[in-house]
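One structure is given here, and the rest of the page talks about it.
By letter and in written order, the chains are A, B and C; residue numbering begins at 1 in each of them.
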Amino acid sequence: MTDPRFNDPFTRRQLLRRAAVGGAALSLPSLLAACGSGGGISAQSNAGGASTEVKQQLADKLTISNWPLYIDIDEKTKKRPTVDDFTKATGVSVKYIEDVNDNEEWFGKFQAQLSQGQAIGRDLTVLTDWMAARMVRLGYVQKKDKSAIPNEKNLVSTLQHPTWDENRDYSLPWQSGMTGIAYNSKETGPVTSVKQLFTDPKLKGKVTCLTEMPDTMGLIMQSNGDDPTKVGPAAFDKAIGTLKDAVDSGQIRRFTGNDYGDDLSSGNVAAAMAWSGDVVQLQLDNPALRFVLPDDGGMIWTDNMLIPTGGDVFTASTWMNFVYDPKVAAQIEDYVNYICPVDGARDVLLKDDPGVAKNTLIFPTDEMLSNVKAFDTEAADNPDYKEKFQTVTGA
Amino acid sequence: MLHSRRWITPYLLLLPGLLWLAVFFLVPMYYLGYTSLESGDLFTGYTFSWAWDNYRDAFTLYRSHFIRSLEYAGLATILAFLISYPLAYWIAFRGGRWKNLFLLLIIAPFFVTYLIRTLAWKTILADDGFVLSILRDLHLVSSDGRLLATTTAVVAGITYNFLPFMALPIYVSLEQIDTRLIEAAEDLYASRPRAFLKVTFPLSLPGVFAGTLLTFIPAAGDFINAQLLGTPKQQMIGNVIERRFKEVADYPQAAALSFVLMAAILILILVYARSVGTERVTTGTA
Amino acid sequence: MTTAVETVVASRNRPGALTRAWAFVRRHTLTFFAMLAFAYLLVPIAVVVAFSFNDPIGRFNFTWQGFTLKNWAHPFAYPDLGGAVRLSIEIAFFSSIVATIIGTLMALALVRYQFRGQGATNLLIFLPMATPEIVMGSSLLTLFLNFGNPFKLGFITILIAHIMFNISFVVVTVRARLAGYDRHLEEAAMDLFANPWVTFFRVTLPLIAPGILAGFLLAFALSVDDFVITYLVSGADVTFPLFVWGAARVAIPPQINVIGSAIFFIAVAFMLANVLWQRRQPKGAV
């Protein structure tokens, strides 16, 4: 009897683990015992992540958790070409669930199970780098099977050695994005630095920043001359001070998720900290919008494929390999329009869709890539830093 | 009718509801209470340690957020009342056959998800939009002022969101008032307004009371309006709780804050109920 | 009195134009105000409907680009959108019905009877309304995970959660109706030899029906719009608000406006049909 909640093939280990949890939970004393282990909210450091012996055998089914609209869709047939191509090529049927709405919310949803080493019914999930780093640190993910991913060599060089997963043992980028400044050229002249964003009186009350701490603080730190890849308390506090001044003076209108888009389009906001992928879309309807990386440097973030506890490592790795084929990557990229992590996709697109291939927000130049940094993922999870940031943003 | 089994009837009626709430609310609340007394963080694990300082922090660090939330919720409730009462009155007494249709129209905005509703309002109230330019001409807004990203926007958003919760209960109370009572009052030489004040309004109090509760209570814990329509200065306690839970992953603090919020709301309800005279309101007996 | 005298007297007593105008305004103020209130409620909906005909080039629906019917022709262009809508409606429908039944029973118990534990029950009704959604959702999730199999995360758990938070709203709404309700009618019925069941179904229920309907509508609205609690307990199932919030990171397709508008129009059409059908019923039919 397969527990339909979990779509993995049953392994004996999982059966025993589940029976233990299920049976224990059904008695009141064990309810309290469960509370004793933290009321369901506890973290057991499972350093390194349990990697089962990888059977080089494809499972029947692959369950993928991804962000909505983050893979190519054929709007006429309402199907996902890449997913179907994968099934055709490997015979594995794919359950593709678009249920990652928010990194923290996703984490909050599965944390209890992961902390107890339970499978969560997903073979693959896609999370932003600081959250991926957290998953690795907590031991909630498994190592991928590199022998099944020869195409990994196509990974662009800038993303090959992130600080939180030096050898890319656990993760592989899905898409990237840059964080910079987007401004409406009808409302203002070029806005090229964070300093200008925060101090130009003409922009007062018409500026927004991001609720994502790594993005906002990363940009400010670079503007202050500090390095966001290695965050120290003094540098962070200095950046907090800069931010607080801008908030108190009324320069910053509000802190947004990606809902700055509608404010920018309507002219409520003249300049915003923004993500490159959004601007690609917004520009289509508002050619007056521009995206620049600040003079002092922008940020780069990556959404990464990960194999959570209980996922089928080999099948998930096969998927990773499939999407790193330049032709497949080009097909995905043509729709998604964030930054492609696969070398060679651009060349394919130069033939098929030169507009996308030449868009520097989708295929940034080397110069742009040298001007962006990734935020220190450990700092991104530092409770003290997070607390300070939240206080400045109002909560 | 004094059947001996009569004493059990209320309990039988309550049983399904109580069971449901006991299992699906009280038990989770127990877990939550347990969590609120834990300490630790995501990486070191959370351990139960009678951490009462979570509660102390809730009071000291976030007092302004609590007060602000109660203020906004109160304002929104009053505004909702001012708009809803005449609306409910009109539907109840002038709605005729079409009453149910009008009721549907009141909740219709909920069919369009919150994000799209808010986007529509942002379009309407855009800084450079039609409505704002009129307001500036009327000098209701300063020439470089805005409506979005202000306290006004947040309170207006909350009001709009909870309007049906005020209107519907008032409607149900008003609708059952026997119009002959009003006629009788007028026959006794009461003017229209006086008849309203002395007959109609008091009879509608149960609905007003219900509507106030249904609006104020959830509004105080709201976070979404402040998130999409507010600046850092408008953030409510709901935002604090949400951020502590999500971004900071400080589950114990979030849990403690929740309990403090619930307690604050309950105290206010008690005060309100006392002043309105609940017995009359909830049981219909003087 | 002869007609001539009447006419003379009448013309002397006929109010002047200004007074007539003022009387007109006074008589119709209420209607005017109600219309304003409806406008306030529905103008954003009009904007939503308008933007459902937009033809943006990019993936966001912020700027008006041009009129098109293709969104309405292909409302379910995105693979998971149709399923999400259906799930939302199903859950809203079922959870509202169950919550209305349970809530009505509870309201009856609370208003009609005096019993021990009345205060505690009242408290229990208010608490869920006062609990911040994110903590209620996550504590429910903890419960579901701890009990495992009977509560498979998905449709069942979403349904359970929605019923849970809806009960309170229904109770408070129905109670407002019951509070003003005249018990003498029931006593009269029973004096006429109707047993308690008959009395309930043929006297009580029809008279409190507007309250029950209002409670149902409120519950439906809350359920259809819920995001936070639903997200945490939904497992892999996606409801309409979940889809919208998730997709909003990369796109806000006009199809969402289409769906919202369509649901609104369909609901209105149903209500209209209901009203017109009832009109056809011969008078006096019960």
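One rule holds in what follows: a residue touches a chain if its C-beta (ideal position, glycine included) is under 8 Å from a C-beta of that chain, and two chains touch if they have at least 3 such contacts.
The structure displayed is predicted, hence computed values, not measured ones.
Asker: Using C-alpha centres only, name the chain that sits farthest from chain C.
Answerer: Taking each chain's C-alpha mean as its centre, the farthest from chain C is A.
Asker: Count the C-beta contact pairs for A-B and for B-C, then tell me which is higher.
Answerer: B-C
Asker: Where the CA atoms of chain A average out and where those of chain B average out, how many Å apart are those spots?
Answerer: 36
Asker: Between chain B and chain C, tell me the centre distance in angstrom, where each centre is the average of that chain's C-alpha atoms.
Answerer: About 15 Å, centre to centre.
Asker: Touching two or more other chains, which residues of chain A qualify?
Answerer: Expected reply: 39-41, 102, 105, 108, 259, 262, 266.
Asker: Show the residues in chain B shared as contacts by 2 or more other chains, in ascending order.
Answerer: In chain B, residues 31, 35, 119, 123, 242, 245-246, 251 touch at least two other chains, as defined above.
Asker: Could you check chain C for residues that touch two or more other chains and list them?
Answerer: Each of 62, 138, 142, 245, 248 in chain C touches at least two other chains.
Asker: Taking the complex as given, what residues does chain C use to touch chain A?
Answerer: Answer in residue numbers: 56-60, 62-63, 65, 74, 76-80, 138, 141-142, 145-149, 152-154, 231-232, 234-236, 238, 242-243, 245-251.
Asker: Looking at the complex, which residues from chain A come into contact with chain B?
Answerer: Spelled out, the residues of chain A in touch with chain B are 35-36, 38-45, 102, 104-105, 107-108, 134, 137-138, 205, 213, 247, 252-255, 259, 262-263, 266-268, 381, 383, 386-387, 390, 392-395.
Asker: Tell me, which parts of chain A touch chain C in their complex?
Answerer: On the chain A side, the touching residues are 3-5, 18, 21-22, 25-26, 31, 34, 39-41, 67-70, 73, 75, 78-80, 97-102, 105, 108-109, 112-113, 121, 257-259, 261-262, 265-266, 277-278, 280-286, 336.
Asker: Once bound in the complex, which stretches of chain B touch chain A?
Answerer: Residue list for chain B touching chain A: 31, 34-35, 38, 41-48, 65, 119, 122-123, 126-129, 146, 148-149, 228, 230-235, 239-240, 242-251.
Asker: Report the residues of chain B in contact with chain C in the complex, numbered from low to high.
Answerer: 1, 7, 9-11, 13-14, 16-18, 20-21, 24-29, 31-32, 35, 83-84, 86-87, 89-91, 94, 97-117, 119-121, 123-124, 160, 163-165, 168-169, 171-173, 175-177, 203-204, 206-207, 209-211, 213-214, 217-218, 220-221, 223, 238, 241-242, 245-246, 251, 254-255, 258, 261-262, 265-266, 269, 281-284
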